[in-house]
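Several structures are given next for inspection.
You will see two complexes here that share subunit A, one where it goes with subunit B and one where it goes with subunit C.
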Partner chain A sequence: MSEKVVRIVDEGLLPLIKPPDPEDLRAANRQRDKGLVDKRMSEDEAIARFVADGMYIGFELYGSVRCPMSLVRALIRSGKTHFDLAGQGVHEADLLLAAGIIERIDCTYIGQEVYGVSAPLRRAVESGQVKQVVEWSNGAITWRFKAAAMGLPFIPTYSMLGSDTLKYSSAVAIEDPFTKRPICLLPALTLDVGFIHVNRADKFGNCQVDGISGFALEMARASKKLIVSTEEIVDSEVIRAKPHLTVIPWYNVDAVVHAPFGSWPGEMSGMYERDEEHYRMFIDASQKAESTDAYMKEWVRDLPDHQALLEKIGRERLDAIVIGKGA
Partner chain B sequence: MSKVMSMKQAIAKHVNDGDFLFIGGYICRTPFAAIHEIIRQQKKDLTVTRSNAADDFDMMIGAGVVKRFIATFLSLGFYGLGRCYRRSLEQGIPHKIEVEEYTNLSLPMMLMAGSMGMPFIPVKDMAGSDLLNVKSFMGDNKYKIIDSPFDGAKTVLVPALNPDLAIVHVQQADEDGNAQMWGIGGDCQVGANAAKKVIVTCERIVDREVIGKDPSRTIVPDFKVVAVVEEPFCAHPGYTPGFYDFDFNFGNLYKNASSTVEGFQAFLDEWVYGVTGRAKYIEHYIQKMGYGAYRNLQAKFDYGYPVSYAY
Partner chain C sequence: MSMAYSPKELLICLGARLVEDHTMAFIGTGIPMLAASLAQKIYAPNLVPVFEFGGVGAVLEKLPLAVGDMRTFNKALQASSICDIMETAQRGFIEYGFIGGAQIDMYGNLNTTVIGDHAKPKVRMPGSGGANDIGSSIWRTIAIMPHDTRRFVEKIDFLTTPGFLSGPGAREAAGLPAGTGPYRVVTSLATLGYDEATCRMKLLALNPGVTVEQVRQNTGFELLIADTLEENHPPTDEELRVLREDVDPDKLYR
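Our next item is the complex of A and B:
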């Protein structure tokens, strides 16, 4: 047997927020009900049942595409707090940071894309409200989920090598025992609860995504509990007619939440465009803590649920972004 | 740029003696016509790989084109073990091939690592088995064991595979080689993308428009592809969802034929050397088995879906 101790050639400076624990995920999967059970429930019920203070959570999205915003708002309203957070972040991370419920972040990117750096992130980190930010590349966080999904302790990649992203991460670069070249190892990452928004799902949780699939496939399989929100709930027949679009199978899903316009003000491929006007309004508001608080009160805390939000936005405005109507 | 050519041209141009080949399929969508052409052209010293090898690999081993086999297992399904494979290993007929054994999980993961540009991948499934004790031509590079730097646990690493060439059969592709597949996938997608270049064989060539309307089905992008061969019925006696079903009678015929050296040679003479290509093979099949047998394998078109999964 060719056993040997690895030669570490470089190492991130920051402690690992969540060490790999494939057995933990296996145990959670064993306990899941694999039957075809109707898992439909509201945002509030899903969060009440599956989310607790201090959990490690993650939201899947691609820029502002397919972000589970109705779940983000419900989570903030729930009053639960002290979370660790993984992933890319745009609007959803801003709201969570503005709400002050995030303690540590495994961060690939949080920003406002064309509108620049996220002001709520800057305030939360500079004030010390967020206690630790660990850097990863966008690919790295997906591969960390992929490693967990495959039951592996880590996955190798050339990403991050030779950059300061490695320095401010918790990754380890070793000498590849096959080629003797440096290779970066990414530890598997398991979430206590994952949140994913999809185009359509059946009541059992078979989920389909149109357009970019981001890291939905990997994160779904790396989550001990998975809350899915969906634009439409359809018959299983509809799912079966296009099996190649099913990125998440029912046995990975714990809750199915019906949330039309669930990605608003972000967009959904083939369904509706991004509400640019609202984005700009938020960006302006988010520059100062006081105006951010006012936004949070008006658009999150003072609304009882997603339906109330849709009524506040109004039919006319929603129609204007629907593809085939106004857009 | 159109990469469309005949099977004869594609194999002559892109398969070199001594190459390392990934050949996709598993009863489902096996590029049999390409395998027959490789045998007809008497290629030599090939290293071949795929998880779940079947009658296709058995035939190549029997025909003497294989030198090395990166293997998981090889069987004829419910017709039992591969007769040619067994004769090669037990009696050196036509010669003894070298075999490096992995599992049905580890090998696709090695191809996945190759397709993702990773040099190796950790696996869980070989530890504690004799697969760690028996090494063949890959020697010490068959696997490595390290202490995980995150938790100190002993971890088995297997190397990425990057074949010289992949040959995959799909339902449809455009002239540039954007290839679309449905039904059972096996390690076809990772194997094709791990290879340095790809020959795509397909049931039908379609417009780029058709590919672009259903992008989730595309398993190989055109820049990987060096040849596109339109070859209907290419996977026979295997099946292709939406086109034709598995030919049980022919599976039985191959089992019986390959049970003896003479029978196997007669099979090659009749079905491989005796025809110039797949069109003649179909003609011979219809002459011998009857048009009804050929017609019965064809799938009914299923109007309910954008693509047909019927057999």
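Our next item is the complex of A and C:
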């Protein structure tokens, strides 16, 4: 019996919210329907079918950019709660936090970029409403998805070494048996349900994204169930004409939701700019709990569905952000 | 008589002057975006701005509002993904990284996570984002931030992004790639670098009208002072004109 052991040189102090379980993902994937079946459904139906209280969820890309905001609003309206969140978030994270339905966060960045820190995040974390925040870097959280997408339990990186970001994570640094140098191991992160917004998809769930793909490839493949919303539903011939543009294949997709302006008030590459006026209005409203609640009521809870939201925004205002029309 | 300028405009100009042409620079959100845009228009037309969600080599005609928005890949050479960018950094392609921070210590370690205790923070900030990845893998990291004793502190509340950690040899001991680390700090008062032997922050150049004493008073730790201090010249009329008319005409950052 060999006495050789791999030495742990540093260790995150916080427990893993979602321990890696590649066998579980393999088993789930084995059961998924590989047939070319029509997966079109509404936001509400997708959430009713695939989302349950207490699940671990994640969104891509992020709040102001190609984000499945119609699904975020439908999720909040559904009343489902106690979620754990993979947090690379802006507007979507603010809404989920303001709704009070997030329990724990694997956090890399939740903020408002040019507009500064997120007031909903501050209130939710500083009050203890969010029970636990585990730290990661942006690279790290994406590589965690990548590890899961590879079907493996972990992936190594230099990121986080020597930092409190590692100390307040659930990562482990070991002495690499090959180079004999310390290396950080990131545990694979599998989502119970992932939510991704794309430019176009066919009814089976073959998805194309214009512009940067963010972490869509990795997160899609790290999701046990994946709900895709899309600006356009196209005929499969459109997909087959340029199959090299398919970033997420149908077998990884469980629901296809048609959501024009689905990223609003965020932007959609090549289609529309972000609605800066509304965005700023939200930032102002989000500074205080009362005005945030009023915003949530008016723009989320009191609207039955995405169509009602688009009618409330109005054609004129939407045209103003469409590239080639107003923008 | 040159034009009047704001402290933020000076920061942006100082940042822009540090950008080297024909290099790849990882651009964080906020002031670094303005500095990169200004640099591309005046000093470094062949700069390749790299944004973490996949934009590589954009022409920064309109100012990005987000590190993943479509302006980060406007007329770009490549629109890829966050894994591709972070892995490109990890295998040594990216020379400069520009980031901000709420707190910095004498070894250039940065905090963007919490003020107070992690479990029960006084202020919860956004977290690392790409900053930790930049500070870990980029050859030379440049921090851009206002200069006062709340930000330049003896002990940061949380070490989000590694500078020189606890001093000489600490990065290597932690496993971070050799030859990487903090390079400059551009502030509202001065330009600072790091002493080679001790890895401690060192005053290199003063901003217009600023004294060494003023920098000391606004720094919460003992600062090394270079033998010969340079003086940063104020924003030129050209810098201010390009900044106001071309970089940020909508005054999003002012």
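Odds and ends about this structure:
In the analysis below, the second predicted complex is superposed on the first by the 320 of 327 C-alpha atoms of A that agree within 3 Å, B and C clash if a C-alpha of one lies under 4 Å from a C-alpha of the other, contacts with A are read in each partner's own complex, and residues count from 1 in each chain.
The rule is simple: a residue touches a chain if its C-beta (ideal position, glycine included) is under 8 Å from a C-beta of that chain, and two chains touch if they have at least 3 such contacts.
If you're wondering where the values come from, they're calculated on a predicted model, not measured in any experiment.
By the touch criterion stated above, A:Val6 is placed in contact with subunit B alone, subunit C being left untouched.
In the superposition on chain A, A:Glu135 makes contact with subunit C only, while subunit B stays out of contact range.
In the superposed model, A:Met69 makes contact with neither subunit B nor subunit C. Residue contacts after overlaying the shared chain place A:Pro20 against subunit B, while subunit C stays out of touching range. When the shared chain is aligned, subunit C comes close enough to touch A:Glu267, but subunit B does not. By the touch criterion defined above, A:Ala119 reaches neither subunit B nor subunit C. Subunit A is touched at more residues by one of its partners, and among subunit B and subunit C that partner is C.
In the superposition on chain A, contact is made by A:Thr157 with both subunit B and subunit C. Contacts of A:Ala220 after superposition: neither subunit B nor subunit C is touched.
In the superposed model, A:Leu185 makes contact with subunit B only, not with subunit C.
Residue overlap on subunit A between its contacts with subunit B in one complex and with subunit C in the other: 157-158, 181, 183. By the touch rule above, subunit A contacts subunit C in their complex via residues 9-10, 61-62, 64-66, 87, 90, 107-111, 113-114, 117-118, 121-122, 125-126, 128, 133, 135-140, 142-143, 146, 157-165, 168, 173, 181-184, 211-218, 267, 269-270, 274, 276. Taken together, the subunit B residues at the contact with subunit A in this complex read 109, 113, 117-124, 132, 140-141, 143-151, 153-155, 157, 159, 182, 216-217, 304-306.
Residues 1-6, 8, 16, 19-20, 150-158, 172, 174, 176-179, 181, 183, 185, 187, 241-242, 244-245 of subunit A are the ones touching subunit B in the complex. Remark: subunit C residues 29-30, 52-55, 65-70, 72-73, 79-83, 86, 89-90, 113, 118, 120-133, 136-137, 158-162, 165, 170-171, 173-177, 252-253 touch subunit A in the complex.
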